[in-house]
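The first chain written gets the first letter, and so on, giving A, B, C, D, E and F; residue counts start at 1 in each chain.
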């Protein structure tokens, strides 16, 4: 039986913490959908097409099991439509766990056929969030080693 | 590719919280080894053969993918020997998460090929630990619905 | 001596988690004031009169000890004015507890005569917050069983 | 309607943190049973009669609503027998909350008629546990202001 | 060797919790730079010159080792420029610790020569944040004893 | 003014997590006393003289500011006797923080002249405790890179 998992996020920008969790997911599942949530209300650093292109360039050569998709609306509805068995979420700090717990329980209630799988992020990336990356970058700090090189390049072009 | 996971524990006694996590694991993996840790230093309520028999009677009819085994020594060594892809652990409270986090990181260091998968226990069983079960039972409280019926029966025989 | 407690909130909307805590409060106190905080700065889903009406329709038939009131300004000042002995707050997750702790200590400093009583929410409602309810509803997810039926009806009318 | 609450503990020894919670409970309930758990397995600093005597001398002059009792077995059974409405527990740190949460849920399951009320300890006593008191005292540190004077006197007699 | 530490913040307004941490820092270091972060995006209660003046009036007479400065941009860059050995941060609640932990790790990565020192706030001030102070004050509550007297005076002038 | 700090522990065995915190302490203080707590009640892996010898061999060549000492009784009394300004403690997980917080407050009460300084352990060592090291080693797992090489050598001699 082929197992398909989904790794949802806004990836604005993609960090090495995300890539680490995707690599772990690929060890566990036959197919991993990296699903970019299209959230019209937010004003992101990168547009949806820009983020899809970054995901494609960084992930496709390295992870043959990864498919990059976009979705709107309820995650569990998209899981049903795409016949997904598992939602992958990365956790490390207590703040992460605190944030994920009600989501896991709500998603389970909305769709009991999809199980959320919490994977522990690598130590090296444990404090790297997309928002902290943007804050440090905007203040002129180095983010080398915290995001893929392509992301740094594209962030510089945005300045 | 067949995916094999391991769910380690002492199961003294097996609770409905354990059964809930095993059911979730069976949705995600082709085979789930329920692995009873043989810990010579402890004085358990049930002997290892008694616990294996309870695991067999409760789990085998319900979960065809489950295999019940015993192991000694380091969990990650047993994972290597049994060609296991994933360690399943149930979490709910912060205490659980706090306990699991260093284990996940140490096991990853000892064997990077095995990924730990944290699954969130059902609300109904979130406060049920084997030790609390034993404490309540020994004080004469009802544990109906918190452990499989067979476990209650065997605990009564022990009194 | 009659004991009067207050259960403050914005109730936008009232959830079954709120109702659960109100029911527990009614077991402990002779009178429970459900006190809607009028917060002019926020843009709520329901107006204050709409929320008062929902509270009345849902709570009054079921809990004879409940009085529904609105207040502005400092909670502890309203407690003094209404001769209240206790503030009731529901907690479950660590996030809840983290949020409540400084409020308890600040309110105690501002008015040492009022004691805050933390009640643990039922497992079924532990992950249900008003904001998560609105988010799920707006994305088309089912909130049946998480809020009173009247609330679902009124939310549908708002769409 | 008279409201009766219970404050269970081992009180070995009684600390000012306990006294603080008892004082808060007396503001909320008509009667507060301070219930000493008789736990035959432990080797306490003070015997049960010694602890009852200390509780009586410290609490009775100050809190007319307090009754001092001893109990064995399951707390919720004793609550049923004594027609108690509420269990009072003091919390402050996250460790306290972590410890209380599964107890609250288990006790609720065993006896849904008794509600647990969590009261937040005063800042002055937030780090004072009976075991830390004993450890500091045994190493020669001052515990003045952390326990009632009578307790210090009796601890000195034990040395 | 002279040891120089930095205590960064927005101090809008300065609280007694801040003053407590500054006093503790002065016991540990030869010089403590109280560094006001100039954050152009925020709309503060007090302007930067007003806050500098308050810091000067409250801190200078009491702590000869304190220097009051303002900075923009990355804290660790300012540390390098000012030859600072240590960043001082006050913690008490878990929320504080959760907030500080990723900052400590990010700052260490950006500048491994500066160590962050976490000091535990006094019990009396453990729940006092600048934002809670403003909220209580705006609702008419007393903040006596939570901020220096000069701050109360200036807040009244702003009304 | 020379600043003297103390880093207390049982060091049974010394881990790279301890060494990391000692290195950070040496950046902040002129002298760091590594103070081995002599605890007669425990049955350690290494005797006190063995642990002192390991501390000497590992730390003395690398950290000229370190002095290795042993102490009995209350830490704050030893601080007074040795004219110490600061107690250094390493933290990383919430469990660490939870454990340290009451100690910090109790020690401050017992001796207000000594301030506790919490330093955040490096990511690489964040899950390494002496007891986990012993558990893994006893089950045959590799502890290379988690403790100094000398400690591995001495642990092998103990087997």
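Here is the rule we use: a contact is a pair of C-beta atoms (placed from the backbone, for glycine too) under 8 Å apart; a residue touches a chain by one contact, two chains touch by 3 or more.
In this text, all values refer to a predicted model and were calculated from it rather than measured experimentally.
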So if I look at the partners of chain B and the partners of chain D, which chains show up in both lists? C, F
Among the chain pairs C-D, B-D or B-F, which one reproduces the interface of A-B, with more than half of its contact pairs identical by residue number? C-D
Of all the other chains, whose mean CA position lies farthest from chain B? E
Decide which interface, A-F or C-D, involves more C-beta pairs in contact, and give its chain pair. C-D
Would you mind checking which chain's C-alpha centre is most distant from the centre of chain F? C
Pick same or different for copies chain A and chain E, depending on whether their interface residues overlap by over half. different
For chain D and chain F, let me know how many angstrom lie between their CA-based centres, rounded off. 35
Whole-Å distance, chain D centre to chain E centre, using C-alpha means? 39
Residue numbers in chain D touching 2 or more other chains? 94, 101, 105, 123, 126
Just spell out which pairs of chains touch, all of them. A-B, A-C, A-E, A-F, B-C, B-D, B-F, C-D, C-E, D-E, D-F, E-F
What part of chain B is in contact with chain D in the complex they form? 93-95, 126-129, 132, 136, 139-142, 146
Mind pulling up the chain B residues that touch chain F in the complex? 73-74, 76-77, 94, 98, 101-102, 105-106, 110
Per the contact definition, I'd like the list of chain D residues that touch chain E in the complex. 94, 123-124, 126
Residues of chain E that touch chain F when the two form their complex: 1, 3, 24, 27-30, 85-86, 91, 94, 97, 101, 104-105, 108, 113, 115-120, 123
